[in-house]
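Common to both upcoming complexes is subunit A, partnered first by subunit B, then by subunit C.
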Partner chain A sequence: MYRYDEFDHALVSERIAEFTDQVRRRVDGRLTEDQFKPLRLMNGVYLQLHAYMLRVAVPYGTMNSAQLKKLGHIARVYDKGYGHFTTRTNIQYNWPALSDLPAILTELAEVEMHAIQTSGNCIRNVTTDVFAGATDEEIEDPRPWCEIIRQWSTIHPEFSFLPRKFKIAVIASETDRAAIRTHDVGLQIVRGENGETAFRVFVGGGQGRLPHIAQEIAPAVPGRELLAYLTAILRAYNLLGRRDNIHKARIKILVAALGIDAFREEVERQFETLRHEDLRIPDDELARIQAYFAPPPFETLPKHSGPFDRALLADPDFARWSRNNVRRHRAPGYASAIISLKPVGGVPGDMTADQMDVVAKLARRFSFDEVRAAYEQNLVLPHVKLDDLPEVWRTLHAHGLATANADLVTDVIACPGLDYCSLANARSIPVAQALSKRLADLDFQEKLGPIRVNMSGCINACGHHHVGHIGVLGVDRKGEEFYQITVGGSPDEQAALGEIVGKSLPAEDVAPAIERALNRYLAIRHEGERFIDTVRRTGAEPFREAIYEAA
Partner chain B sequence: MKVLTANRLSDGRVLYWGAQGLATEALAEALWLDDAEAERALASAAARPDLFVNPYLVEVNAGEPSGRDRFKEFIRSTGPTVGHSRPDIEGAA
Partner chain C sequence: MRLLDPLPETDEPDGAIPGDTPLAEVEAAAVGANRLTIRFGAFRDGRGFSLASILRERGYGGELIAAGDLLPDQARHLKRSGFDAVRLNAGADPAEWRAMLAVIDTVYQPASDVAVPVWHRRAAVETLEQKAARLDARYRDADPETVLAAAHREFPGRIAQLSSFGAEAAVSLHLLAQVDPATPVLFLDTGQHFLQTLSYRDKLTARLGLTNVKIVLPDAAERAGEDPKNDMWRSDPDACCDLRKVRPLGRAAAAYDALITGRKRYQATTRERLAVFEVLDGQVRVNPLANLDADEVEARFDDHDLPAHPLADQATLRSVAGPAPARCGRARMPARAAGPAPTRWSAAFT
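Our next item is the complex of A and B:
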């Protein structure tokens, strides 16, 4: 894992000192709210419906046990004993007091964490494949590149006042587990000339009011020129992007308005100059950063594990969890384990301080001190020996963390919605809870296979409803909560926006309508066909029918 | 009628304008204001930036939020309608 150097430490502590002074001046009245707001936003502090909210970055979703333990400590001491993991692989605290923020940020800095650039019109936390460094599908670990982008983009003077926020995601396999095509810039590591690392670059993706799937702008930008190329994209956007209308200010609008070819020409023009400037990543710096992400010392193990196989036979609950929540690993005898933060009837992404402690301990003991935050609002222990999985599962189970529903229909992605968010039109959490209770039967869920349901409480789409296999969007109809349903969205390498099926439904009709759509799927699917593939084959029509069938 | 609401500077909690110009966290204790009173309360709240952040008026009917944002104002007055996923309540694993 990356460790701060003296520059990182200095940067973060200077920022804390600055923000501490700003908080002090806000409290004693020298700063008005209008003056303070942009300053607090630069430090991840929002004012939501009921309280301030602090968003802490988990860079590319990677944490060590000390960091997760600290996040739990902050939840316990400064909040109400829990935190909320978001679709940006960040964590949000819903109840911090203004005057506690300097202390919280100081504690975070002790474990090399901060809240810089978690809001505002700048380059946000870079996200990646939650199985980076663990999956056998990747060309190389994408995280050193994420770290390079983090360092380049942190307090980048040219890009601190972009037309709008800017999100970058990086993957290193064909399979896209980071939804790169929904980002302002999506990067896929590929093999370039001479087998060197290169980047397939997508640009102009985004959700929200006017959703777009990113388009390919370059097939293979050489690794060393990545920062020059990113700078060219950002510079073109910074110069040409709209600033007159907040809804039209994201790069997706610019790319759509110019067309990808004209935008590419503009980027190439910038790139011609920039590639000769001082933006090449020096070999030794790349090597230095890559060394932080060297694979942990995996033992040489047989592919099969006696204790694991015996536990599978002995305990059907463990077997089910292993079937649904355990993923293949590059090292024989190891696996990655998904820790579902979606218990039946729970709040998607919420985790108590005690649970954070438990997972931190498991990470230290069983996963080379590593734990990941997934954009699906779950955690992952990336490197667990098969031999150890039964014990890991027992501990998770004892703490309400062994829900065996990863990637199944109750693994719902949901934003905080109107229960917390000041921008919301409707609540998302209770709708997600109603669905997860209605479909709680795991036999039924397994029969359905992988299905992603996404819910957002407003068109800003923090719950990624546009790219849910089934999407649910809260809308406000004359002061009442209603929900618009989409089907056929997909966040992965076959990214697509869902189709709106028809008029919106009242809250209590959402879960039954989705259940009818799922039963329709079971009735019409071909042998072995996943839900999303059935929708792609048939279109939305059969599901529309089922959704609006009189209950 | 209207009530005046804001967030408290120190911790962001929801506040209402109550009797004698004192802030209260309970909507039930908020003063119901006619238009002239509401304007005066807004001016007074604006003069107390150490307490009230972003003061504004909410329409109420018999003490319940009644305007276009009535549901949002209802949730502001009660807090989140859901708990977080605690293992000691329903559904853990």
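Our next item is the complex of A and C:
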């Protein structure tokens, strides 16, 4: 994975010095809260319901064991012993003291981490396929390009005060595991002319109050032109995006208002006059960055592993976990293991400091020192030998990390909701917990197969409810928490927004209503049909009926 | 980037272009103009950064001034987007603006200024001399704290301080402790120090919280072979110096790219143009105290309540510049500073 050189170190330390001074000026009153706000946001500091919140970037979700260990250390020393992994593959701390922030940032810098641009109206952490470098489906590892975009967008002089936040995701296979069509810009690596790396570019996706699926703006931008093309998009957006209404300031509104063709013309006009040669990443720099992401030294192994096969037969719990949480790997004899952060009744994405230490050790011993954060709020050990999976599982199991529900109905994506967030209308955590308890039976979950439930505590949609197969949105009805249900959303290469089934429900009715919809699916599905396939075939109607049956 | 004084209050239009003006109109206004002012309506509204960048890319060569609701924290964004100057608002503190212009030096992406993006700096391998020259140009007039912090950033994990725990060492070591007390401090133990110096070393180390003082010793075998009677300093001071200083220090210092000294410009006439970053014998020497005068050194002793060397008459020791005593050899040792010695050895490199 990428390692800082002296320049990366210098930039992060300069930024800490700057932010330390800004904190000082805020404390002594030279900066008003209004002036301080955009500055602290660009350093990942939010003011939440109860305290300041610090969001630390995990660039494209890749960490080494020292970094995860440090995240645990920060949770233990500066917070209440846990952290929360987000759908942007970042980690949030909910209780740091403002005066500790410079110290925390300094500790993070020791392991080449930072909180730069994890919030604010700037270009945010770039996300990617959690199985990058491990899956056999990809054209090439997308992470070097993520790193290039990270560097280019860091403290960008022109794009640090945009109309609104800006999110970019990159994938390199047809299967979309990074929800690129829900992003301001989604990039898919394709083969261009002469087999060179090129980017299929989508623009104008986004969730929130007015959700949009991104549209294709260019089929194959050559890799060497990528930064010029992104600059042109950002420039058009910065000049033309709305600033009069925060709810209409994202690029999706601009693209929808102009239409994709007129917006493309604006981008192309900017693209033509850019100084391309300046923005063309030098070949040796590209090679330097790619070298950091070279595949680890995999052993030559047979496809099948005796110890793994024997453990499958010996232990049904291990077998179930392997069935649900282990994914195919490009190297024979290896696999990727999903560590579910969704235990029954737990808070989705939360992890204790001790658990972080445990996973850090496993990553070092069994996964070439690599661990990934997935946007589904889970972690992944990307490169584990099949031979080692039984031991990895035993360790995870001993620390409450072996819930065998990856991509099943209790693998719920949820925002922190009204328990923490000052924007929320309703709590999302208790509703997610109630659902996970009600559907805890893993036999039932496996019978249902892959289903994604997404839960947001407000219309800002941090829990991605619009693109959940089943979405749950917290709304405020005359001071009471109610929940609106959608079905048929999808974040992947067949991205779609869910359909609202009807009027919102009180909290205690949500889990039973979803259970009825799931039972309806079991009753009407065709052979081999996943939940989302059935919804696409039948429409929302059968599920609407089931959800309101008892009401 | 220049900072312009606030304009007097007036109702007259000042000709500034509002930041929300459409690009085509801004471009039309730029044709033939030799000065343009872009007014930011709100500091959150970043359109002016794109307008300036586009004008510069399309060849506008006149003066470009930013005005309106702006924060000092946006100084470098303005500069990098191609602005030449900022019109300060009434009550703005120019010092804050200057500080913000200085704080970030490293840039990843090309923009409309002269800063060289990291990509190109990585590719163009900078020689040590070029690096020292670049840093010296940037920090020539900076205060010691800024110089030392920059040195740590530029040579992370590859920097050490040289100290003899002499008369003025406390100032330099105190500064080091403020920036990073874990920095290695190389103390050359010639075997000829007075006990007072050794106890001063331990006292100062504890008092300042230095955690990584390394004692550098002459090689025992070399010493036994070359100076068995321990009297070479009398008969051949140069050889003694080579044995006890030059070689051991050279070995210890080889692990670092940069060495911090306590040298100051005022100490000798030959140091009138002492650089804050320079290259000596293939290594960078950082002289964060180069700009301090004798009074400022004295003031630092007082301000931070630093203990004085037990053998030193401080006032005499620290202010008198003069040739090194004959028995200490000549200027062949690395990093050594001239200065009168209270003992057999000079106060050496502080």
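Simple rule for what comes next: the second predicted complex is superposed on the first by the 544 of 551 C-alpha atoms of A that agree within 3 Å, B and C clash if a C-alpha of one lies under 4 Å from a C-alpha of the other, contacts with A are read in each partner's own complex, and residues count from 1 in each chain.
Here is the rule we go by: a contact is a pair of C-beta atoms (placed from the backbone, for glycine too) under 8 Å apart; a residue touches a chain by one contact, two chains touch by 3 or more.
Everything numeric in this text was worked out from a predicted model, so none of it was measured.
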item: Touching partner for A:His9 - first (subunit B), second (subunit C), both, neither; value: second
item: Partner chain(s) touched by A:Ala97 [first = subunit B, second = subunit C, both, neither]; value: first
item: First (subunit B), second (subunit C), both or neither touched by A:Tyr78; value: neither
item: Subunit B versus subunit C as contact partner of A:Gln35, first or second or both or neither; value: second
item: First, second, both or neither for A:Leu49, with subunit B first and subunit C second; value: first
item: Which of subunit B and subunit C A:Phe444 touches, first, second, both or neither; value: neither
item: Contacts of A:Leu341 with subunit B and subunit C, given as first, second, both or neither; value: first
item: On subunit A, the residue positions that both subunit B and subunit C contact, one per complex; value: none
item: Subunit C - residues contacting subunit A, complex; value: 23, 43-47, 49-51, 53-54, 57-58, 71, 73-74, 76-81, 96, 99-100, 103-111, 113, 118-123, 149, 153-156
item: Residues of subunit A that touch subunit C when the two form their complex; value: 5-11, 13-15, 17-18, 21-22, 25, 30, 35, 38-39, 121, 151-162, 227, 235, 238-239, 243, 270, 273-275, 278-279, 281-282, 284-285, 288
item: Complex interface listing, subunit A residues touching subunit B; value: 26-27, 29, 32-33, 47-52, 80, 82, 84, 95, 97-99, 341, 343-347, 350-352, 354-355, 396-397, 399-403, 418-420, 424, 427, 429-430, 433, 436-437, 440, 476, 478-481
item: Residues of subunit B that touch subunit A when the two form their complex; value: 7, 9-14, 49-50, 53-54, 67-72, 75-76, 79-87, 90-93
